[in-house]
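Remarks on the structure that follows.
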């Protein structure tokens, strides 16, 4: 039977779409690379990577990303320290302790959190959390790394909770039965058996949470004080890689050194998140096996 | 010495309390905070009028329209591409290097920071393709960003269709496309709809990808063509809460309220879709 | 009948899943209009053999095969998938009806093969249901969801659905394993009456069913064809002691 022309056409489209998915990643990389490399015609890569000053509009300009990297590191570390214990704990509660009806409610609540746009959380950081931290901790300004960390931790919770919960729920029933058979309590089973057995999945969740935190832009731009200097502590204003791109691109003249420097920052972000996702994907694969 | 039972009781109570105080309460407070403060500032004028007096008075109609237009534009590009890619991965792809490359690409697309999508949109669509700062550039950027979520949702929906349906169709001599078209897609549509509505709601709330590709700081009129800039709710909220001095706070709250309302309405719609189709499901 | 040209023939057929060989060197000939019973314990390669005949095995990505299969003298590999499966239809172990109406289930095949006219489809639906001895039971409720029928009715609906694409060969993979004795009898009855126009191959775990229904019977064991002869001979005086052991219920 002759295949219909329409069928050949639609199958062509289907295959083309698959190819397009790959090409987007390649395109994103190439277009970032093209504009990022333009910077290094006149500016040394060493000074970019290891320079401790980010002064894009001074004369001569300095494009050292160390302050931005440290800013990102501070905020990310702070957020992870806060959200991993809370997220994994909540996942343990939802997966193993909560009764079915409560489980459904908690899961939808976490989904609701995931749906809140980041700019809304940034807004709350400005009008409430920042001033609140300023008065309670006696800071000179509430717009600092800690405010960003707290909000980012909040934003990363859905990722960590849902993936860790999946991992815990996915531990084979036999493990549970074997542990109960040996007389272990539910808590002992959860702590000594399920948690280690689900560790690959939980690590994947944490990695994806980190990826989410490093890549988040609006919240950090709005609440961390936007100061591209090496911060002494997380209680001071700082600026992340993402916030730098977002806040300066509007003023950078297209085709200028500053413009290319921001693309170079974008490329760094692309590479960091690419690696994190690769690791997360590998742990997820391991978890499924 | 504590008995194992006591330890368990303490541990479970702590886990429950922690979840309640550190997860549940903050989520509820966040939503209530915006809804209560924003709701009290909500007026019909706010929804139906353009902003006036440097955004300090009037409404946000252009931003609402802009966000709706962007959602529709994103849908237009992301749905066909995402659904077809997922069909390829689930129904056509053999287990080979090329397929693994596609899967890896989808994973990586989902991890790329939104601001990097913004840069990409700026250099490819605004610059290279000469679409300028426009609805077209913004919708394309948001579409590529939404692609991995649409693909993942569609994949799950396709995989949940029993393999037996495909075997029956093949055994009757249907071609692969006929099988997909008549024996798989009809049963996967509910899942695809649910997942894509959800992913579009995320796109609606994104700011970073539209910063340099479409968003207008202050443009108190409605767009005429796809080459126009528009205001968008998330960007508008960013602007009025950081860039406009002496902004009346109640307008910011009200803007946040509208943004959250749109996103939540889409989420609720997807929940209802899921419930509706689950009731009708007969296999 | 013994002198007729075989309609299906396998030569040195070997089938693999990954590196595991599930059929060794199979040479078998199927004659037109016969019912060939295929019996054997679980994992003896019966189903793989069946699904090799209309290439349904190819849906499993790890499947490979060597050797040749010919259908009406033509190499199977030269026939496109959809045409081959139109000519060689399949009935599965569990009745696999699609979650649409009785009418639509049967109309599916003709429609994918390009039958467009409504009256023609109506006619095919009625004829197919009659051939499967289901028409009288469902003629007043063709719009009923097919999965509301009883198991036996569903299986006969599947037969009708296969008949609707006018096959020449029908493959049955343990078609009665999920059915009660009365439904089983109805399905077997339908098979007997279909002999006039179709070649049928029946894979079954139920040796008595093979004895009741088939003209010739093949005994498979661990991927090999141990013995194949007319049903009476196989069940009364098998040549191979393993066949004897199996049909007398010593293993399997």
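Which chain is which? They are A, B and C, in the order written, and residues in each are numbered from 1.
To be clear about the criterion, contacts are C-beta pairs under 8 Å (C-beta built on N, C-alpha and C of every residue); 3 or more make two chains touch, one makes a residue touch a chain.
Not measured: the values here are computed from a predicted model.
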Centre-most chain [mean C-alpha coordinates]: B
Furthest chain, CA centroid comparison against chain B: C
Whole-Å gap between the CA centroids of chain B and chain C: 48
Length of the line joining the C-alpha centres of chain A and chain C, rounded to whole Å: 55
Chain A-chain B separation of Cα centroids, rounded to whole Å: 17
Residue list for chain C, restricted to those that touch at least two other chains: 82-83, 86, 113
Residue numbers of chain A (touch at least two other chains): none
Per-residue overlap in chain B, given as positions that touch at least 2 other chains: 175, 178
Contacting residues of chain C [partner chain B, same complex]: 54, 56, 59, 61, 81-87, 89-90, 92, 94, 96, 98-99, 108-109, 111-113, 145, 147, 161-162, 165
Chain A - residues contacting chain B, complex: 3, 7, 10-11, 13-18, 20-22, 24-25, 27-28, 31-32, 34-35, 86, 89-90, 92-94, 97-98, 106, 108-113, 115-124, 126-128, 154, 157, 161, 184-188, 191, 208, 211, 214-218, 222, 242, 245-246, 249-250, 254, 262-263, 266, 269-270, 273-274, 276-278, 280-281
In the complex with chain A, residue positions of chain B that touch it: 4-5, 7-8, 11-12, 15-16, 18-19, 22-24, 26-28, 30-31, 33-34, 80-81, 84-85, 87-89, 92-93, 98, 101-102, 104-120, 122-124, 127-128, 144, 147, 151, 175-178, 201-202, 204-208, 211-212, 234-235, 237-238, 241-242, 249, 252, 256, 259-260, 263-264, 267, 271
Residues of chain B touching chain C in the complex: 94-95, 164-175, 178, 182-183, 187, 282-283
